[in-house]
Every structure is written in structure tokens, then in C-alpha cells.
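In order of appearance the chains are A, B, C and D, and numbering begins at 1 in each one.
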Amino acid sequence: MIDKRVASVAEALSGIRDGSTVMLGGFGDVGTPIALREGLIEQGARDLTLVCNAGGRDGSAIARLLTLGRVRKMISSFLRPASEAARLHVQGRLDVEIVPQGTLAERIRAAGAGITGFYTPTAADTIVAEQRETREIGGKLCLLEYPLPGDVALLEAWQGDRWGNLTYREAQRNYNPIMAMAAPLTIAQVRQFVELGDIDPGHVHTPGVFVRRLVHVPE
Amino acid sequence: MIDKRVASVAEALSGIRDGSTVMLGGFGDVGTPIALREGLIEQGARDLTLVCNAGGRDGSAIARLLTLGRVRKMISSFLRPASEAARLHVQGRLDVEIVPQGTLAERIRAAGAGITGFYTPTAADTIVAEQRETREIGGKLCLLEYPLPGDVALLEAWQGDRWGNLTYREAQRNYNPIMAMAAPLTIAQVRQFVELGDIDPGHVHTPGVFVRRLVHVPE
Amino acid sequence: MGERQPLDRDGMAARAAADIPEGWLVNLGIGIPTAVANFIPAEREVIFHAENGVIGIGPAPPPDRVNPYLINAGVQHVTLRTGGSFVHQADSFAIARGGHLDLCILGAFEVSEAGDIANWARSPDEPVKQIGGGMDLAVGAKRVWAIMEHITKGGAPRLVRQCSYPLTAKAVVRRVYTNLAVLDVTPRGFVVREIVEGVSFEDLQARTEAMLLRD
Amino acid sequence: MGERQPLDRDGMAARAAADIPEGWLVNLGIGIPTAVANFIPAEREVIFHAENGVIGIGPAPPPDRVNPYLINAGVQHVTLRTGGSFVHQADSFAIARGGHLDLCILGAFEVSEAGDIANWARSPDEPVKQIGGGMDLAVGAKRVWAIMEHITKGGAPRLVRQCSYPLTAKAVVRRVYTNLAVLDVTPRGFVVREIVEGVSFEDLQARTEAMLLRD
């Protein structure tokens, strides 16, 4: 019997290795795997590359991982100037790659979809494109972008069943469905464990085939 | 008040011009906009390019459009050798572009997503790639593919509301959600008209913003 | 009526809102653009999109009716209109990049007479970059409008021949709403469509680096 | 037991089915591969994927319980297992191309000792092409197995040094199930893992163009 449910956050995070690229779902505080991010502090992996929409507010688990020196690089669509990430970056202690938000989402999606590169007009006319390969397609200057895969993806979802099928509430989806597909070790914290079959097959947002482990974290 | 519902198939199809690229949803008979395809015969547009998964069985509306000389080109993942499309192609009376099925889906998706080109390992080592641009990425030979947009997309869905929000039943989804995004004039035949709000916001499969017209075609 | 000019932030938002017809799919940038939604009458169905995958954003909820799972791209609590829906981040930017937005309204530091927009950094050397989703929205929307003060607090013009700040996108802005005027970006440059009462064309030109054209 | 060899189509399907562990996500090509699902015991949870966006395909329904909206990629009516779900065509091929399939089993005309597979055309000049989804599946799955008769009806070998038919993909096949043997594709070439009773290694080599290696 397939059963991807595990009993604890620690078990869910076991085996994450130093040097991993860890994707963190969520936008603002919505769809953000708070318990898994906290657990990552305890889990101990270092030399991490974090992929997440934004740089992490002070007091957040991301900021604490940064302060603890556990993060080598952040890949995000923006950093708040008054954040730990920005301070460490300015001090030369953190590598930062800022990617336009839609390109960030598309690079994650490409990694999950086996697309090995794509062209986008986004940022092609800007300093983001400096020293990089561009190409005119249909009269538009386009920038070549590469997929962004993770080793691990940490998600938050609403419901989950033992096959790993997930649903999200409202804006909770954001990066979670595409990160689920972009890493071989996808771990979801869910608000509710439900029986297999409780989620209507037509309403599954992330098919369980993309998920390796689920842990129950009630509200 | 936004209301994309129209009263008849003829009204739904009005304004489709000669020379249009028309995308046809469906896989087998599932999710196939039978009434809209039939209506296209009556509607009269000619010199069409059809984009659809497969070549169309004898007796189908596609085969009849072909026989009537209304189709200039077909873009599909395969043609049955014993089909009208194959016969016309062998006679040199129909242009045919055969695209690997996943690449076909991805090209349609790229058109809807504003991606102006992508690389895929699919078919890169095959005769499909002859005389075409390839590139080695991460040690894999990859083929450059371009988006495939339509002028018109004809879909079948299960439920639809006045904003154009759609749901699909079971395998009815197939090409319909991606074609909905790939053409400026997307027309859906739906099995049920429902009130705005009857579809749970979390269960909408194709947001109405991709749909221009809906027509009710009961089972 | 001197007291009505120049427009305040709400005045600029209301002026832009008046030009949005029913049925449009619209993305509003953070800052003044977000306020545009407050000036669309409830009976005019305009569909607001947010980068985090919300389609059909309604007004802010009363404090006691907040849904913690429902925010906009500015991380503010919002409501969903009847008929709204949700998509994931890649589909949300497929909407933006794929030409599905009828309109995107962005704040700006500068707009050039060619429609270039600079709205994310004041220097290419800023160590901490805050790009966000503006570049995707600017290249992808069917039309881009900018809302901004006509001049900076220091008195420098923002409607310029060439942007001096790092670009967000080239040749995308179609219209600019400022506290003093409404201007269209045309192949000939900025055409003044409207000036607030009490300001003359010459006054406006004096506060604008680019050459202005009369309607 | 001469009557048990060579294997018939169901025998080949059953032999392959025996090697599929619980929990794998598997795509089955049309023809013999489709029959593999019939030989997975119901209690072993193997998740079958079809190109048209079905995840978790179950057995064929009885004729009076057909759901007309539920077919597989071979356009046959199927059922959905509890826990199954649906995705659209681009997401379905994201599963295939993106390395999410633990296994894809394809029929084949020829498999080369380097793992090349030819399964869609007998000549590059065929006027009507039937590519379908095989090329995407072959390059994307974590492992590809081929099921085919060991030789053609005319007696020609199908396990070859180099494919003579147009390729579906290069260097992707990991294992071949024929009516006579199970063979792994290794860096040294075909290694024979199993031969049906009554057939010797030499007999098998005589029906194989490529050089065979003993296990």
C-alpha cells in the first residue's frame, strides 16, 4: 500500500543533505510551509541554496537560517533592503540571484516539465539581460532562460491523502504546485489528512505522483 | 454585466475568417467540440489551418471539412493512414505538420504563456530534427521549438458560467485548457450553463478570462 | 477651481479608473495603482488579477471577516468576487506574459517619450534588487498605463526623453496619468489628452523634460 | 516444458508485470504494453498514467458501466482507481518529459544494443507519419522497457546492432522483454537475464543480430 504520510516534521525532513537546493513554497504567509521551514533549522543541513519568492522577513525561519550561516545562495524575485538576506548580501556573505517573478515561476515549471531552456521577452531589454544570450523572435528581443530544479521542495497544502494528492485553499496555491514538480524530494505539510478518495479526482490540484512525503500540521 | 453566453452555435462561430488557424480540443471523442466542429462546416470559413491531436476519422466533421477543400493545413501528432487527411496529403492536396504529442501540447501552452521558444530533448535524435536547430544542454541534445498560437479555439467543457469559467469531467480536459489560452477567440460548447458562483472558485479548470463565447449544447 | 489641482493619489487613481471599461482583465501594481480598484463602481464588472494567482479580486474585507488564505500580490488581505478563481504562479504569469491582461497599471519613477518605463531601481548599482513581477507584466499586458507624480519631490521631471534609471521594459507604456495631466504615448511622443484645471499647456511643458504635443 | 515457450502476448505482458514494484508511476504504450496492467494484482498499488491526462487508471469497466468521459491514450474505456486524478495535456506531458514516470513500457520494431528504439515508422519516407507521444515518453521516463517479439514474422532479428528504422529516441531502453528472453541493455550491450525453457543461449544468439552477453 502506498502511504506517503509520516508522523513528524523531523521524519519528513530526514535525509536533506548539505549543499541541497531547497524550494520553499508560499507567497507572503499564504501557502508557506512554516513548520517545515522551522524544522529545517533543527534538521541541520548547511550550504543550502534557497529558492523562494522573496527574501524573508526578519524573524522568519529563512532569516534565522541565514543568520546561522546555513545558506550559501538565495534565488528570489526580490529582497527587502531591510532584511537579513540583504544585509548578508551587502557584506558579501550571501550569494543572491534575483529573477523576475514570472521568469522564476516559469524556470521552476520548466524544471518540472523537462523543458531544458526557453525564451521570454521578460527583462530582455533590461540590465538583467546584460552579458547574457538574447535572440530576436518575431521582432521581439527575447532572453534565454534555463530551468531551475530543486533537490527538495517544501510545500504547504490544505488536504492531503496517503497517495500524496493535494488541494490548496484560495491563494495558497501560488508556487506550491510548480515546486512540487521541480524536485525529486517533495515534502508537504497539510492542514488535514483525508482518506484516499475523499478528494474528488477532478479537484486534485497536485497529483500525488509529485509528492514524496506528507506531514500533518494542523492550524 | 459580463455575459459570454450566446444562443446558438452559429452565433458562437460568427466572424471566423478565411485563413484562420483553428484549434480543436479533444482526444478521441472525449472533450471534443462536436457541435462547434459541425457548425464550422456551415459557417463557411476556408483556407483553414487545423490544430488537433489526430487527423480525424472518416465521417467526422474534420474529414468533411477536408473533403470540402476547406482546410489548407493540419498540425497533429499523428494521422491515420486510412483517413481522409492521409489520402489528401498523399495526393499533395493537404499540407501536414506532424508534431510529437508532448511537443504539440507544449507549443500550444507556450503560445498561451507568452513563451517565444523552448528547447526539448523530445525528437532531437530523430528525423523530426533534420534541418532544424538543435543545441546541447546539460549533455542532452535538444530541439528548438516555437509556440503554436491559434486565431480561434473550439472547446468542449462540462459546466460554464456567464464569465466563461469552465469545468471539465474526467479525461475531458486534455487539450481544452491549453487551447483556451492559445487563441484570442476561444469558444466553448458546454453541457451545462450554471449561475455565476455555482462553480467553487477552487474548482475552476479554465478561468473565464481565457474564454470569449459559450454555447449550451446538452448531451 | 484651484483646490482641485494638482490631483492627490486618490484623484489620480479615480481618473484612471474612469477609463477602464467593463469586462477588462486588469493587473494593478502596488502603490497608487492598487487604489484604482476602489473607484470602479461595483456594478461595472472589471476583473482584477494578482500575480500570486488570484483572478477576480474584490474590495478589502472588514477586519472581522479576513480570510487568511486570500491575499493580493501586495500581501494585503482581499476578497474574491463571485466568479473569481485561482491559478498557480506559473499560470498566473502565463496570464501576464501571454497577453491576456487587457491592462496593467504600474507606478513609475520615469516614463520616456518612447514608452520606456523605469519603476524598480534608482541605480543599476543598487546592491539589493527588488525586481518582483513588474518586468513580466510590462512586456506581456495588451496595454500598460503608468500612474505617477508629474515631477519628483525634488522638482525633477519624470516624463523624459530617455529614462535615466534602470528600465523595467522598453516601449510598452501607452498612457500616463499624473497629478497634472493625462498623456498618451504615441509614435510622435507624448500627446496631452487632458490637463487639470488651473494648469496651462505651457506650465505642463515647463515641468516635463520631453516635448509635449497638443491633442 | 516445450508448451510454455515461446511466450504469447499475455505471457510477455505478465513477465514484465512481475518486475513492477508497488508505488511506481507507469505509462503503458499501446499494444502488448497495455496488457501489462492486467497482470498487476489489485492489492499492488501501481499508478498508471495515460498521455491524455489520466493518472491512476484501473481495469476496463464492464460494458454496462462505461463512463464515456474516461478513456486512455489508446481511446479505450477505462476506470479510475481511488486516488486517481486528471491533468491537462501539457501537464500530462510534463509528467512524461519531466522525469516523473518511473517506467514507460513501449512496443518496438527494433531495439539496438545501445538502447536506441524504433517504434513509429518502418521507413523515413512513409508519407503519413504516426508519431503520437512515443518520442516524449521515451526521452522523459526514468526507465524505458520494450516489449516485442524476438524476431519479425519474416524471421528478421529485432535486437540489432543499429536500428534500421527511424528512431523514436536514442539510448533510452534499459530492458527488453521478448517472447524468448529478458535482456538488459548495459554499457557492454545486451545481457541475457532469462531465457524461456527449452531455448538455449546459442539458439537465442542465432535469432539476434546484436552480440549477446551471458548474465
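In the analysis below, a contact is a pair of C-beta atoms (placed from the backbone, for glycine too) under 8 Å apart; a residue touches a chain by one contact, two chains touch by 3 or more.
Since this is a predicted model, take the numbers as computed values, not measurements.
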item: Given chain C and chain D, the chains that contact each of them; value: A, B
item: Inter-centroid spacing, chain C versus chain B (mean Cα positions, whole Å); value: 34
item: For chain A paired with chain B, centre-to-centre distance based on mean C-alpha positions, whole Å; value: 32
item: Centre-to-centre distance between chain C and chain A (centres being mean Cα positions), rounded to whole Å; value: 29
item: Residues of chain B engaged with two or more neighbouring chains; value: 106, 109, 113-115, 120-121, 168-170, 201-202, 205
item: For chain C, residues contacting two or more additional chains; value: 80, 86-87, 90, 93, 96-97, 139-140
item: Graph class of chain-chain contacts, one of line, ring, star, complete, other; value: other
item: Listing of all chain pairs that touch each other, if any do; value: A-B, A-C, A-D, B-C, B-D
item: Interface residues, chain A side, partner chain B - complex; value: 106, 110, 113-121, 135, 137-138, 140, 142, 146, 167-170, 201-203, 205
item: Residues of chain D that touch chain A when the two form their complex; value: 22-23, 25, 43, 45, 47, 49, 55-56, 80, 82-87, 90, 93-100, 139-140
item: Complex contact set, residues of chain C against chain A; value: 50-54, 67-71, 73, 75, 80, 86-90, 92-93, 96-97, 124, 127-137, 139-140, 166-170
item: Of chain A, residues touching chain D in the complex; value: 1-2, 109, 111-115, 161-163, 165, 181, 196-197, 201-202, 204, 207-210
item: Complex contact set, residues of chain A against chain C; value: 27-31, 53, 77-81, 86, 89-90, 96, 98-103, 105-106, 108-109, 120-128, 168-178, 205
